[in-house]
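We just call them A, B, C, D and E in the order they show up, numbering each chain from 1.
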Amino acid sequence: MFLQFLFISSAILTLACTVAVLVTKNLMHSCVFLLGTLVGMAGLYATLGADFVAVTQIMVYMGGVVILMLFAVMLTGGKDFVSRAQNLLGLPASMGNKWTYSMGIFVGVVFILTNVKLLSSIIKTTPTKTIGNDFPSTVTQLGHLLVKDHVLAFEISSVLLLGALVGAAIIARPRKQN
Amino acid sequence: MLPAQFDGLMPVVIFMALAVLLFLGGHFLSVLLAPKKPSELKSTPYECGEQPVGSAWSMFNVRFYVVGLIFIIFDVESVLMFPVASIFKELNEMGQGGYALIIFLSFISVLIEGIAYCWRKGDLDWVKSFQHSLKKETK
Amino acid sequence: MMSLASYLIISMVLFVVGLMVMIARKNIVAILLGIELILNAAALNFVAYSRYVTSNLDGHIFSLFIIVVAAAEAAVGLAIVIRFFQIKETIHVDEATQLRN
Amino acid sequence: MEYTVGSIAPIFLSPVIAFVINAFLGRKLPRHGDWLATLSIFISFIFSARIFGDFLFGKFATDYYIHKVFTWFDLSYGTQIFKVDMGIYIDNMSAIMLLMVSGVATLIHLFSTWYMDHDEKHGRFFVFLPLFTSAMLGLVLSDNLFSLFIFWEIMGFCSYSLIGIYNKKEKAGDASLKAFMTTRVGDVFLLLGIVAIWMVLGSVAYVDIYAAIAEGKFTGLSVLGISFATFSALCIFLGAMGKSAQFPLQVWLPDAMMGPTPGSALIHAATMVTAGVWVSLRMYPLMVLGDITWFIAVIGAITAFGAATIATVQTDIKAVLAYSTLSQLGYMILGVGVGSYNAAFMHVITHAMFKACLFLSAGSIIHSVHEQEMPKLGGLRKYLPYTHFAMMCCTLAIAGIPFFSGFVSKDRILGDALYYGFMAGQNPLLAIVPILGFAGAGLTAFYMFRMMFLTFYGENKAHHDDHGHGHHGDHGHGHEIHHEHLDARQNVPLLILSVFTLGFWFCGTLTGQGFGKVFGSKTEWFKILVEAPKVEKFVNSPREPFSKVDSKPEAHLEHAHYHHQTGYAGPNPDEHKLHSAHTIGAIASIIIAFSGVFLAFLMYIKGSVKPWASRFPGFTKVLQNKYYFDDLYIEVIIKKGLLNLNKGLSWFDMGVYDRFAVDGWATVNRWLFKASKWFDNVVVDAIGVDGTGVAVNLFNLVLRIVQSGKIQFYFVMLVMVLASYIWTLNI
Amino acid sequence: MNQTVVSYLAQYEFFDFLVAIFKNNQSLLSFLIYLIFALLIVGMCATIGGLGTYAERKISADIQARIGPNRVGPYGLLQFLADGVKMIIKEDIMPATADKMLFYLAPLLCLTGVFATLAVLPFAGGFIMTDLNVGIFYLVAISSLVGVGVFLGGYASNSKWSMLGGMRGASQIISYEIPVTISILAITLLAGGMGFGTIVSNQGGLPHQWFMFHNPFAFLATFVYFVGALAETNRAPFDLPEAESELVSGYHTEYTGMRFGFFALAEYIEVFVVCGVATALFLGGYNIPGLDIDILPLQAIQFTIFMTKTLLLYYVVIWIRWTFPRLRVDQLMSICWKYLTPIAIFNLVGCAIWMVAFNGKSIAELVFGSH
């Protein structure tokens, strides 16, 4: 009962915010709607019994990525995307125009059709388990997986992050005046 | 008789909902009770009585971004460390403490390298870039 | 109502919208938003399969690493965007057609 | 005694650790970490001594060995086996070699701390020295050719670094490059041989190779028209020639003295050059199977004699030593070739001892006097008494004077060579081997005593000059020579080494010929313990995993007993002939050695015989130019040969190919062109060319849109292609 | 499976009776129980938050040798109610150039982030709303919503003071999250789990059983956590985002009336939560000294112990605010990245090594022998 409620509300939050990301005129709002999408995704993870992934989603995206994006929006001219001259569709130029939107919709339709073709057969043929209402703790299992089976990925991810840190810090570091 | 297990998530949702309700309720109350006398002066941003010049949405120092950048990397690393940390004790009691320690320390050592790099390169200094650019300009 | 199919459909919608964002927007930051959506769609599929099809948690590990990689990608991508903006004074994607400044 | 990884690995690892620490932290350590390097080698020495002691006093059996294996990587898939094992192989020979390498290296390190003190390259020197030593120790420990090759190359790199350590000097840089490139010629062949064996056996472990020889796996195979065994043995021996500086790849070693003298001591005495002999000894059964021992013997004899002749005219003290090393290496290789397995290896050991001591003594002289040209030295006996003593012992040893180690080992080699050349019924042309060998022995005695007399006897020219011209004169070598005191780092290593120039340590008897036993029951331990591997016993020998504690029952080991032996194939039927050959050889070599010494005495002390340098100026010039080998390589092979080959090729390219093929074709084309011109004008140009142009333009329009650099367009294209692909799938 | 209030109550017989009343619609029953408890907690926290403003003024007055509020109610105790009423009846002003949606959303995000943390706070043995397996991790994660709220509040006002405050606030909050998270990791390591129930039950009532005195590294981690938490809640001396003398009022310069009230409420409740977490992680939580049982009447004692410790910490927070001068922004950053974070990593490494070296025993167990 509650599970269904959680699923429906999360799904609605996710989908609504996703669409809002697409259609909103303001990049800042777009980022905030992305936040909503991500929170909804966390809810969906929770309905799948993936508590750790859900909280990771909140921690990394909400605490990190979204704030970073908001910073980036501010740093790349917060006013720019609002004050720019608007085009026929009433959207700021940098947020897309009629042509790009129609292209996007076209691609989206093509993709959905393709995906429906794929999914229809996949859903039919994939044997799914019957799921009880159990909500086992995933943390210890994930810990064991990270330490045993996926230890290499675990260690390499640290190197990946180090690389990302160094690379991004070099790129973003304030330069001397030319 | 035990309750359904997913109900354990209910308080989270309830508290969030309560926050929203409280917020809406507060607004409702203030709509009911608060006076409404808008004027142009009230709706200008506060700048100590001066006429505001330009929008506040202007560009900021890249330093903020660099801090955010370092943060997100460390954030993700600590996320990955949480499951390992929470089974650390269990592994230790199973007699695999040394192995877990090596895994854990080699992960952390990379983290330390990251912070050492940023420290070395001055990304952790807030003022350095300002002073640097000031010196440049005075020359 | 709660089944693999519904999660797959949600993930499909996320993916499509992400794709549309990437194509429709001309702002590089907005394109990065689209990329985040697409990555999330993939991660959701992994977890859904982990719950409904397989009986192990490898899907969770996968989505964990997707989140990790997404964070790294966002950090580097946005750094590039900021650098690009410092050079070109714009973040319109059509300006970014050359590999050198 | 038990052998675990923990009791063997430190031999190799402790110098490696010292290397790592010195490489990264050397600058911050006191004295650049030279004490650390020395200490690490000393640790190796202790562990080696333990193994040696166990092998000599505990097991004392010829066929005892330790072989531990671990899988380095395993890429097998299905029936395709691709598995590389690494391991440790220690037999009696390894145990002796380990002790020698680590012991000599310890003393050289100790000496270097004195010699390199206040040198600008002090720190770097002590980075490479332990690495070099560890590579040699690893080479000795390794159980297969592949890991041997790895250490081989590490040594090559280290010798390159050590020779060229004074990188400001152009000559040093050239010398290091020369060493590197020349040994590389040999290394290519070595690798070729290893790969060839790998392709046939799927393994390059010594035991596997021995077992394969015993089982006859190599018979019937042939490569390039020669038998496989010959091919692989030849390749491996060519590698050994490069490393051990055998004729005609000898040119690098004399130049290698550009490095600091202790480095030369390490390269020339204990480590690198003996690696070539080592691999020849290890692969001895293969050499026998491939029937190239005569080749080995001839090469060794030529090197031994040729280098000795050159050494007679050198004036630089280090150059004399370098050529004497070449010559002695020639004896070792000669020993391998004539089947004197045991004596060749003994010569490796004895030579390592006295040559290390000689080089260190030379270093001591150079460091004290700051002069290395012998004509400018003289009379140093009074100033450097300890150095003089050590150097004299070593000179006696290398000259083959009885009671000293060089006599024992060299005499045995020469005796076997005598047997090989005259009595074994070989090709009579091979008589050249003992003849050259004995001639070289005489020359050795001559040039070594020439060096001694010029350096330590007579009057001190450098010193005298100083006094003559006063202190304001030429200060180029105007250092005051101080009387030498006993110093733990300067002299004591020399004295310790000079103790081991006595022969009885190695042969158990004072004379080396069976008289005057010293060691009692274990007389001739060396000869008993070291013998050519008997390949039959390696068939199906069990492999021990790396982690296993060694627990071979000692009771099964029968104590070794000594028998004469030349080849690997058991007791020699011609034992009495061999014995008489040895007796003749001993007497002959004593006579020859003393005559060499006497000649030197006459020339350089008494002065009653004029040095032959002035009597045969033409020949002297040839010798001084080292038989023009450098010129041969540079002027003839590289400049005339390779450059002319280049020129010839380019001439072929320009003159033949270009003129006939290209131009000729052009002529044909011209006719064809004329013939087709009208066709071209009428048909092709109007329809084809213009039509193509229009088509390309149209296509270009489309492509230009696609190649816009606009990333979103690429997204669209990507999705379209993906979608079209999925729609073609039949699901 | 998670321990919750409901599953705690379910072990008593009257729960079955209640289930019967609700015709076996267990979810509804759970929902009601949760709702009641949630309202209780929210009411309590709102009161504490309100009283916090009063306490703050009163304590500051004491420190500065003044009297402080003394008009409304006995000892001015009802001052916060008067403040609340005042906020509600103030006019809501929004700058004309503001981003309206985000202007509304920002305080809501702060409030949601803080309220959601209350769901896992361990008040007493059975009185944890839900003892999620990812408890402390969840708390850290969800409270980062406050950072977004602060930033958006600053941004949406379109005022320069607000913008500066918001930028500073966001970067301060995210920066100090790192030492806090790593200190918490150290405790996770010691406790062997992230759930609050696990963490608290691994400690004891007496001080030597607390994680604070488990080993020297944990002792250091306590202070790292506390300093970082102060900064995360924008409390003095880390109150740069709302520094009056520099930025007028920081990110909530343009906020008036109820919306300002929500920011303030969120801040005060967050301070309470942070102190509660410190209590649960380091100071032994709700454990009764010497007693190790979990039955219904004793819950009250447990609750009292927890609240006492928390409120003592709350007092310390206020005390610090009125004692220390504010930091400069560059000092703020260098304290975080050059002192706290390396120390925190050192603590984490030290705790890990301690765990392996001493097999998870605390100092007291090593000294006095385990019991």
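Just so we're on the same page, contacts are C-beta pairs under 8 Å (C-beta built on N, C-alpha and C of every residue); 3 or more make two chains touch, one makes a residue touch a chain.
Just so it is clear, the model here is predicted, and its values are computed rather than measured.
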Partner chains shared by subunit A and subunit C (touch criterion as defined above): B, D
From subunit A, the most remote chain by mean C-alpha position: D
Length of the line joining the C-alpha centres of subunit A and subunit E, rounded to whole Å: 28
Chain centre separation in whole Å, for subunit D relative to subunit B (CA means): 63
Centre-of-Cα separation between subunit E and subunit C, whole angstrom: 33
Centre-of-Cα separation between subunit E and subunit D, whole angstrom: 72
Set of subunit E residues in contact with two or more other chains: 1-2, 27, 30-31, 132, 134, 137-138, 155, 167, 170, 174, 177, 193-194
Numbers and ranges of subunit D residues touching at least 2 other chains: 712, 715-716, 719
For subunit A, residues that touch 2 or more chains besides their own: 1-3, 47, 52, 56, 59-60, 63-65, 67-68, 71-72, 74-78, 100, 103, 107, 111, 134-135, 138-139, 142, 146, 157, 161, 164-165, 168-169, 172
Inter-chain touch pairs (all): A-B, A-C, A-D, A-E, B-C, B-E, C-D
Residues of subunit C defined as touching subunit D within the complex: 19, 22-23, 26, 31, 93-94, 96-98
Residues of subunit E that touch subunit A when the two form their complex: 1-2, 27-28, 30-31, 99, 101-102, 105, 132-134, 137-138, 140-142, 144-145, 147-148, 151-152, 155, 167, 170, 174, 177, 193-194
Residues of subunit A that touch subunit D when the two form their complex: 100, 103, 107, 110-111, 113-114, 117-118, 121
Complex interface listing, subunit C residues touching subunit A: 1-10, 12-21, 23-27, 29-30, 32-33, 36-37, 40, 43-44, 47-48, 50-53, 55, 57-58, 60-61, 63-65, 67-76, 78-83, 85-86, 90-92
Contact footprint of subunit C on subunit A as seen in their complex: 3-4, 7, 11, 14-15, 18-19, 21-22, 27, 30-31, 34, 37-38, 41, 44-45, 47-50, 52-53, 56-57, 60-61, 64-65, 68-69, 71-73, 75-77, 80-81, 93-97, 100-101, 103-105, 107-108, 111-112, 115, 119, 122-123, 126-129, 131, 138, 141-142, 145-146, 149-150, 153, 157, 160-161, 163-165, 167-169, 171-172, 175
